[in-house]
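Structures are listed in the sections that come next.
Two complexes, one shared chain (chain A), two partners (chain B, chain C).
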Partner chain A sequence: MNSLAQPKKWEQLFWPVLASVLFLALWHYSVAWTATKVVPSPLAVEKGVAELVRKGLLWRYIGDSLRRVALGFGAAAALGIPLGLTLGWYPAANQVVNPVLQILRPISPIAWIPVAIILFGVGDITADFLIFLGAFFPIVVACVSGVSNVPSVFRRAGRNFGLTPPQLLAKVVFPAALPQIIIGLRIALGIAWLVMVAAEMIAVDSGLGYLVIDARNSGKRYDLVVAAMLLIGVIGLALDLCFRKLRDIPSVRWGFRHET
Partner chain B sequence: MVSAAGQPKLSAQHITMTFQRDGNSTAVLDNVELEVGQGEFLCIVGPSGCGKSTLLSTMAGFLSPTSGEVRIDGEPVNGPDPRRIFVFQERGVFPWLTVEGNIDFGLFALSRQERRQRVAHYIKMVGLEGFEKAYPAELSGGMKQRVEVARALAVNPDMLFLDEPFGALDSITRLIMRGELLRIWEAERNTIIFVTHDIDEAVQLGDRVAVMSDRPAKIQQIVNIDIPHPRDLSAPRYLELRDGILKQIGLAHKV
Partner chain C sequence: MRLKQKVLLFTFGWLALISALHAYLNVNWSAILNEYRPPERRKITVAYIPVTCQLTCPVTDYISKLSEHGEVFLPRLFQGFPEIKEALISNKVQAAFIVAPLAIALRSQGVPIKVVYLGHRYGSAVVVRKNGPIKTFADMRGRTAAIPSRFSDERLLLFRAMKVWGMKRGDIKMVEMAPPDVASALATGAIDAFSMGEPFPSQAELAGYGRILFQAREYWPDYMSCILVVQQDLINKRPEVVQALVDGIARSGLWLDKSKPHREDAADFVGRFYYNQKPALLRWALTKPIDRVRYTPLAPFKADFDLVRDLMMETGVLEKKIDFGEYTDTRFSDGARSETAWKYEAGMATAR
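The block that comes next holds the complex of A and B.
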């Protein structure tokens, strides 16, 4: 296949489907040939999912996980974007706050679990808070660097047409930084989805993360563990694909021209 | 070139500019004196890195000189002003706005109807009909440059500062753009200060050409280009003026 030629429509679909089928076959026969009791076969996982549907747990758990991620990620964006824009706009403020941010940023949200439980108890708020922490820092960092990377030509042009500083921020700096902010949001959503699993394992008794730990603890149901893992993977991919669609908005498309 | 009132449009007096960097100070402009008349097309040429752009940014109010003063219409310049627009190479076009959105950018103080009229007028003037809804990424370099010129003209400025506006264009597009700029200038009669490192370009366009020396830069000489437009680029007078400037800069015109 010529690497420059656009792959044909059927090829775009055919090869990934073939790879998935081969993966399932490999999985199935590996389990069958090794006669393992620990790892479930794809069929057992499928039955497990059907059982979750019958018990009415599947949609409830998916809904709970999505709600927590939406709350944590939403709060992170609502606070992180204004903070990041402000810090990018006032380099002096950034110099003051940056050391604190840089120390907090590498701390895994999982390390916050004990503190979060002391602050908010065991429950939904703790889970939301941990997800928030995971998403907050990448958003702030993306906004700061987005604003400080706005070419000075754009700022100059804005000032030349008589814009006041707030107008300059709204009409020039924000739209110029938006592609980078979107990249930051997308990374943050991926992290939020990862943190959700850990948060639900310790803080709550519903959701896909809870399903993983509960299925193992109550009767070593590895079929349900793997079912939950696959669901987390598939939904995570779907969320990311939705976010990628934002790149097609005309006023930000320019910022993604060099990506494929 | 002094207007009827006897006052130049722009006068730069004793402009000196020194940049401090890592403890070293670099003198960029050394006591530059310049007067530009109302409606004049002045070109500034000089060796690359000599401080032409610094001088232009100072006159436009983006930089304050270390000493000296720029006056426009008799008033000291303290910052950029929508009455005089700085045109960058096409890099100044906003990629998040359409052609229409870019040209409309400076018109926020006007009524909706007035805005629509002006946008349509200048899109037509720069020959971008049919591209109103296109984004800059879909345009060629020459088209982007025209968007930027139209955006500047739309606010009806009495001065334009152009910093090597055609420097990034291929030579054919550059020739076409020079013609278009002259056509627009003859219609609008703004005062234009045009910085370029291309001596041919300066002699083709300007009423006068100011030649700058190496750093720290002074105005070495101001040459009157006494050839009416349209200029014949092989006429003896044109070649004589061009060669005079080449010699002034210290370049032989043989390769």
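The block that comes next holds the complex of A and C.
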């Protein structure tokens, strides 16, 4: 078998499951073998999750985290895509705005925490704002480069068919740039999910990030800390898988012109 | 060639100079050398945070360094209780000053520690914004107040006041915050009040944006918050070290309560060498008035701890009842009963 061979259907499921089981076994036996009283075993973590379900906290926390990410990421997409398309469409405008964007882009949203608290107080808006900041810049940058990479022959063909500039942007440039935009959105969603944890640690009293800090503050409850970490990982993976499915939509596939 | 030699010489000289300066100024040699001592002679590490509830820790370290037996332990500064708790659980520190409810909670969760002594009495206060909407405690209803930890006496203090004013649990929204962060949070309006140990109430008062709503003793006679816990392992293996530690803390307590000049001296060296706070701030907290914080008597009493435990259960941070004897060891405080204050005045070269 070489790297080009298509794995069989059962293999696609079997190997990842096996690896996960092995990981859990390794974890369980290292805890048992080292007789540590600090690191919880997988069973203790499972009990911790069960306790959260019993108290009715688990679904509320997951729901709150997802809502904050949806709001922050949604706002970033709603503002970032039009801005990115515009800047990509008018390179002159891009030249003006780009330096500011490039300075703001590498600032971690976590560095914004003190300013965000002063601006929005301690609450949901601060968390949403931090998530928005994390997601906004990757989206804008992806849109700008997506639009500027559209081959000029596409635009000329569109113009020959008599499309007005708005039509050209909506019917030709946007679909052609869509693959890059989707990649940008996917990266932005990953960052939004990362920032959510940090944002919920300072500003609010629900959600998975809050669960980590709350479990830390409740004495020796590292089972809940690890449970929260695993939940963050699993839900993050699920979100990413959903996003990858977007690529399979036919109207999106049109833009992947370099693939066969 | 000559230039090359010069550059090399200069480089090596520079490296030697900054290395020597670094070793002299930055490296904590006593902590490093301690690692190489045989286990039975190794000094223990004591964790503390920069609040006056734990002032006896740096005072003991400072004065004992000048005594004939030398320093009793190695103090280690932390910025919040979660970090101290983690250091305790992972056995990185052998003793620590923490809030009493946290000690009770950790013991009931199976962490092998024992309370051996108190850090102080009084010295916590509830502070509101000056000229803000809160005039009396009744105005606290529906407001947000910062507390150092859900396992803190400062939180229980608020509950005691709420009981007096006929409020229910949930009438005041409490948020956990690291003590050094509360002053700016109050100033910017992120919180309406805070319940903290000194010097943070003094800090808000001195800076002009905070007003003390009440001192802990108004709602809680014989109030205590920070206590000294020691690992059970250390008690079993080296009880004489624990006794020396408790003796030192007891002597510092007596010394601090002896006179105002002692307080002012302590404010000066603790602020400069330990807490990294302005001595003027500590001087305010320690002397205006002088019984704002007290450092005697520091022996743990059952009635005080039963009160804390029952309040913890009432407010839902402790599930099952745990007895005084299970989480305290009073033989060291009994042993320290005949200790006297340090014989030390500011500027003296040796202490006895």
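The rule is simple: the second predicted complex is superposed on the first by the 249 of 260 C-alpha atoms of A that agree within 3 Å, B and C clash if a C-alpha of one lies under 4 Å from a C-alpha of the other, contacts with A are read in each partner's own complex, and residues count from 1 in each chain.
Basically, contacts are C-beta pairs under 8 Å (C-beta built on N, C-alpha and C of every residue); 3 or more make two chains touch, one makes a residue touch a chain.
Bear in mind that the values here come from a model prediction, so they are computed numbers and not experimental data.
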| item | value |
| --- | --- |
| Which of chain B and chain C A:Ile117 touches, first, second, both or neither | second |
| Touching partner for A:Gly162 - first (chain B), second (chain C), both, neither | first |
| Touched partner set for A:Gly74, first chain B, second chain C, both or neither | neither |
| Partner chain in contact with A:Asn217 - chain B first, chain C second, else both or neither | second |
| Broader residue contact with chain A after superposition on the shared chain, chain B or chain C | B |
| First (chain B), second (chain C), both or neither touched by A:Gly190 | neither |
| Which superposed partner A:Val153 touches (first chain B, second chain C, both, neither) | first |
| Touching partner for A:Val172 - first (chain B), second (chain C), both, neither | first |
| Where chain A meets both chain C and chain B, residue numbers | none |
| Residue ranges of chain B touching chain A (in the complex, touch as defined) | 60, 62, 79-82, 85-86, 88, 91-92, 94-98, 105-106, 108-109, 135-137, 155 |
| Footprint of chain C on chain A - complex, ascending | 37-38, 117-118, 121-122, 205, 216-221 |
| For the chain A and chain B complex, residues of the former touching the latter | 151, 153-154, 156-157, 159-162, 167, 171-172, 175-176, 178, 250-255, 257 |
| Complex interface listing, chain C residues touching chain A | 82, 85, 89-90, 102, 105-106, 109-111, 144, 149-151, 175-176, 188-191 |
